[in-house]
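Before anything else, here is the set of structures, which you'll find just below.
Note that subunit A is present in both complexes that follow, paired respectively with subunit B and with subunit C.
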Partner chain A sequence: QVSAALKEGRVTPTELCQQCLSLIKNTKFLNAYITIAEETALKQAEASEERYKRGQPLGVLDGIPIAVKDNFNTTGIETTCASHMLRGYISPYNATVVQKLLDQGAVLLGKTNLDEFAMGSGSTDGVFGPVRNPWSYSRQYKEKSVPKSHSEDKESNWVITGGSSGGSAAAVSSFTCFAALGSDTGGSTRNPAAHCGVVGLKPTYGLISRHGLIPLVNSMDVPGILTRCVDDAAVVLGSLAGHDPKDSTTIQDNFKPFELPSLTDVSKLSIGIPKEYHAPGLSGEILALWSKAADLFRNAGAKVVEVSLPHTCYSIVCYHVLCTAEVASNMARFDGLEYGHRSDMNESTESMYAATRREGFNDVVRGRILSGNYFLLKQNYEKYFVKAQKVRRLIANDFVKVFQSGVDVLLTPTTLSDAAPYKEFIKEDNRTRSAQNDILTQAANMAGLPAINVPTALSERGLPVGLQFIGRSFQEQQLLTVAKWFEKQVQFPMIQLEVKRHDHDAFQHEKSASFS
Partner chain B sequence: CGGAWRRAWQRGTALTGPAPAPAPGPFPRGQRAAACDARGGAVPAGKSGLAPWVPVVGLEIHAQISSNSKLFSGSQVQFAAPPNSLVSFFDASLPGTLPVLNRRCVEAAVMTGLALNCSINKKSLFDRKHYFYADLPAGYQITQQRVPIAVNGSLSYSLCIDNKMSQMVTKTVRIKQIQLEQDSGKSLHDDTRSQTLVDLNRAGVGLMEVVMEPDLCCGEEAAAAVRELQLILQTLGSSQAVMAEGQLRVDANVSVHHPGEPYGVRTEVKNINSIRFLAKAVDYEIQRQIEELENGGTILNETRAFDSKLGCTVPMRDKEGKQDYRFMPEPNLPPLILYDAKSLPANMNHQQVINIDWIHERLPDLPSVKREKLVEQYGILPEHSFALLNEDGLAEFYENVVKQTPMKPKRVIGWVLNDLLSYLKQHSLTVKESPVSSFLLADLLNLLEKKEISSTAAKQVLAELWKGEGKTPLEIVKEQKLQLLQDQKELEQICQAVIDRQQNEVIMMVLG
Partner chain C sequence: QKVSVEVLDHLEHLALVDFRDSEGVERLQKAIQFADQLHEVNTDGVEPMDSVLEDRCLYLREDDVTEGNCTKELLENAREKVEEYFVAPPGNIPLPKLEERDTFPQGS
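Now for the complex of A and B:
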């Protein structure tokens, strides 16, 4: 919609950029952004405006304001990973995905908040503080959440965004940008998307370049796409996907961008409902929503079948072993020598390393490094790492079998419940929370499959709840087509943000929430 | 060669009675521990005079791949460039960078594997080896621990007995594997200011680690094997293998034990950077271990360095205790798949694949084959062929001379090896720098062959030619009147003149 408006000249890229920037300022309390790149964003918007004036925009994304999670490298803008270790670090190169977006005229507003080095599921564990879910400040939430006691401060009821790409999800949800990049290792894009009521796409492993994404788990990381609708996600995917000579794990073939058809007939579709996703702790509300969604497909003529992915229950522990092992390895480079934080300790190289890493990393990162190194010790390697890899293969095979049986896409919940209030969330440690919150999402990472969160409904508390579709490898088009049909059926409500406005233009975006 | 020691010892003990057993004797310090087998001499024995020691030597050789760019990045490879001028983002391990495998390095490793009779793994894998060190920016080295690119090969090498070129024996050392891996950077420790400076130019350069089985038994064997490997690498062009520039670095694993007993505790002598030092280091270490054990001591499993000034090995201080390298598969590199003519997919882009058979067909003649051909074609002795190949360009020089002269190749070889080579060595010149070209030498030998000059005169001419004044041999001969007389009458006249001058002596002789 916005893209059309830009083309027709109803709004200029500069106006759009300024509106977003002022909205970012008005919603600063969300803590969605770590760095706001006002100056460069305006320059990019001006350049875009020139192109529109000449009638030569670069494409659908030209002039569209976007945000990027702060674990993608960007030249000229700090890349911190929400860690002391990289505070003030300015990368000399752009991540491939960032470069591709800029090459298509997108306007980069800033870098979004996250859990330190993307390790977490709440966006609560970064050095820049937790991200607040914009829905905490929505009319929908405020109407339905009755304060338990009057003494309780209304302000303290705010809920988390989920994570680790919570900043990106909050940014899209609060209209401060039209699309944002997240990363997804165990659910880090889909989980906050579900909690913030936006679309969150985790593409197939190898479809999008990881070059320039500061890794969590190389064998599972994928850049994730957060948008307000499925069509937008398809557009961004089209602009990012394909081979990158700088990432040897990307597909060799070029990727053909596609437009999503508006499906009217779903009778040829086969939707799988994996019974193992009826996991302990799944809220009744979400279970009901899940069944309702299955009925929706069934009633529209689709074949809905219960399927089994028998190794699902082992997935989260194996994920934990593989994740920490790769974390231990990937974090080894942060020794304070070439870049990043360096401790003043100078008694010996070893003591400098130790102090640098103690000061630079938070407890979560250090804990994962410790357990990862334990799993990689010679005496433990077979027992943990190799075993986890074998189970990983079994999990991937589960999916292969189900898809071979004729199922087109799987339908599952994305999260166990709606977003928890921050006060509740921090009662458990990061590890426990991650195990709970990644439970329904990380299997797709273990198997490398594409998966998408589609915002579905509001919970009793007036908070977003999403469902997840998992597709076949490299069948994004089919996955997104189904998601789009579903999105149309459920008519997820628009967020009604109650923000003190310094600028009367701020909510103009509601009319143009998507750009495609 | 441990086997050879063992055999010698077994022969010695089994034959009792009349058969003369090799006399076990004290093994004085200074005598090369290694000498025994090749020289057929004494087997070292303990002070008890009974149990001899068997040294076991295995080598790990790091050969820097000769390539334009590094193993996983586009930065240039160049020796002695200004510090940190050849460092890409990946080499400095900037967060978010990923390795991209250099095709040339893979081809070099395949060539080397084929030349060393290895089987090439059609699928090999990369692993991360973790340790913290200032010149290892990522905190891990990418190597091939689980499935290396080439395995189960062999290397034949020859060495002479009694230090004489006339008796050579050929031996074989098994090659366990060849793995591709990254080189590290260089650390310079400034002890006075307690600083360490790091140069990352070398970080990420491609290495082939050639791992040999412990089939060697002495410094001389180790040196001969490495020399042969060096020649092979240089012939292939897969590594320049210049040890002085660190392109070939040798680690020697050394242990000693009594025959029939399990291998002793081994030490690793690291980073030996000359063939001469290798022989010395290995022999020293064998001797040191024997003495240590004979004096009731124990050998520590430690890393040592060779101090070339003192001529001994010393423990290295920075590696304390055993490291756990926490190996892990490198997740950013897919398995390395190689093809042969059979498995090559029809529709594959040739730029994308490496065909082992294609590389095999294009391998140049290896040194051993070249030597055989020289021996066969020119009728020279095998040791001559070794000498010819030992100097870069000497074989070509020899062949050029042979082509340009009717003199028998067997005679030419003496001129090339004795006269030319010793002159070059005396003056530390390479063959290419020789002031006498193959053409000039052939010219000279032609004069000799046509009996226009004597061989003594030829040497005089050669001495003149070294000056490099641009004169031809013929000009020198004429200038110095060195030609032999071809005219019978002239010769008779000269003789007559001599006789006439010496009347008294002639009379004395006639009178008897």
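Now for the complex of A and C:
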């Protein structure tokens, strides 16, 4: 919608940019952004405006304000990964996906907050503090929350965004940008998308370049896309997908950007409902919603079948070993010599490295490095690492079997419950929380399959709940077509954000929601 | 089985990060316990999987230089440098053993 508005001149890119920047300032308490690139954003907006005046926009994304998770390299803008290790690090290059967006004329507003080095499921463990879910400040949530007493601080009841791309999800959800980049290794894009009521797409591994994305697990990482509607996600996907000579894990097949058809007839579809996704701890609310969604498809004529992915329950343990092992390797590059934090300790190379890493990494990161090294020790290699790789194959094969049996798309919940209040969430440590929350999203990363979260309904507490669709490898078009049909059926409500201006007048925000 | 002090020391040397305190060691113990669940799965005859793209040919580009000459930009992010060198403290000096370090709690 906003792209059309830009084309018709109803709004200019600079106006759009300034509105977003001012909204970012008004929503600072969400802590969604780490760095705001005000000057460069305005320059990009001005350049875009020139192009529209000449009637030569670069495409649908020209002039559209976007945000990028702070683990993507961006030239001239600080990239921190929410860690002390990279404070002050200014990259000399743009990640391929960032470059692609900029080449399309998108306006980069800033870098969003995350869990340190993308490790976590709450966006609570970064050095810049936790991200607050914009829905904590929505009329819908406030109406449902019962204050225990007049003097209870409403501020303390805010809920988490989920993680680790929480900043990106919050930015999209609070209208400060029209699309954001996240990353997805175990669910890090879909989890916060579900909690913040936005669309979160995890593309097939190998479709989008990882060059410039600071790696966590090389065999599972993908850049993720967060938008307010499925059509927008398809547009962004179209501009990002494709082979990159700088990332040899991208496939060489030609990628053709597609527009999503508006499906009316779902009778030829086969939807699979994996019974193991009825995981322990799944809230009754979400179970009911999942069931309702299955009925929705059934009543519309689609074939809905129960399927089995027997190794689902082992995906978290498998992930735990493979992730920590790859992390141990990937974090080895942070030694303080070439970039990033460097300790003052100067007695020897090793002691400088050790001190730099002790000072630069938080407990979560250090814990994973140490566990990873343990699993990679010669005496443990076969027992843990290779074993996990074998289990990985079993998990991937489960999916292959199910898709071979004729199922087109799988329908599952995305999270076990709606967003938890921050005070509750921090009662357990990072690893426990990740293990609990990643269970529904992790297997898709193991198998490299595309998956998308579609916001479905509000919970009893007035918070968003989403459902997940998992598709066949490289069949994003089919996956997104089904997701778009579903989105139309459920009509997820728009957030009624109550944000105070600086002059203390409360006002509601109902801007145009999508750009396509 | 608890992890021995020798292994803990070895891990700290390999990883060049420290456990900091007994909580860190506990965390490792729990992580190992958690990972032990893997042994419940029967993986006889199953090949380990390195990558989901294993059925495809890896892209290898031509061995031609297409970019570079960015010494200045690369050195900008380093704290200690001299001319075109990154400066490191003296090498080949091993970290002190666990018992001699004051960063590790004794007798855990």
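Just so it is clear, the second predicted complex is superposed on the first by the 503 of 516 C-alpha atoms of A that agree within 3 Å, B and C clash if a C-alpha of one lies under 4 Å from a C-alpha of the other, contacts with A are read in each partner's own complex, and residues count from 1 in each chain.
Just so we're on the same page, a contact is a pair of C-beta atoms (placed from the backbone, for glycine too) under 8 Å apart; a residue touches a chain by one contact, two chains touch by 3 or more.
Everything numeric here is computed off the predicted structure, so don't read it as measured data.
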**OP:** Considering only the touch criterion stated at the top, classify A:160 as touching first (subunit B), second (subunit C), both, or neither.
**Re:** neither
**OP:** Report for A:349: first if it touches subunit B alone, second if subunit C alone, otherwise both or neither.
**Re:** both
**OP:** Give one of first, second, both or neither to describe whether A:435 is in contact with subunit B, with subunit C, with both, or with none.
**Re:** second
Original post:
Touching A:388 in the superposition: subunit B (first), subunit C (second), both, neither?
Top reply: second
Original post:
Given the touch rule stated above, what does A:337 touch, subunit B (first), subunit C (second), both, or neither?
Top reply: both
**OP:** Pick one for A:37: touches subunit B only (first), subunit C only (second), both, or neither.
**Re:** neither
Original post:
Who wins on subunit A residues touched, subunit B or subunit C?
Top reply: C
**OP:** Go through the superposed model and pick first if A:66 touches only subunit B, second if only subunit C, both, or neither.
**Re:** neither
Original post:
Once the shared chain is lined up, is A:205 touching subunit B (first), subunit C (second), both, or neither of them?
Top reply: second
**OP:** Name the contact category of A:243: first (subunit B only), second (subunit C only), both, or neither.
**Re:** second
**OP:** Using the superposition on A, tell me which residues of subunit A are in contact with subunit B and, in the other complex, with subunit C.
**Re:** 92, 219, 245, 248-249, 252, 328, 335, 337-339, 349-350, 353, 373, 377
Subject >> Of subunit B, residues touching subunit A in the complex >> reply: 89, 92-101, 128, 130, 132, 134, 137-140, 196, 198, 324-328, 331-334, 352
**OP:** Name, in rising order, each residue of subunit C that touches subunit A in their complex.
**Re:** 3, 7, 10-12, 14-20, 24, 27-28, 30-32, 34-35, 37-41, 43, 46-53, 56, 58-61, 70, 73-74, 76-80, 86, 88-95, 103
Subject >> subunit C contact footprint on subunit A (complex, rising order) >> reply: 89-90, 92, 205-206, 219, 243, 245, 248-252, 311, 314, 317-318, 320-321, 324, 328, 335-340, 342, 345-354, 357-358, 361, 363, 366-367, 369-375, 377, 383-384, 386-394, 396, 429, 431, 435, 447-448, 473
**OP:** Note which residues of subunit A are touching subunit B in the complex, please.
**Re:** 72-73, 79, 81, 86, 91-93, 95, 210-215, 217-219, 245-249, 252, 325-326, 328-329, 331-335, 337-339, 349-350, 353, 373, 376-378, 381, 385
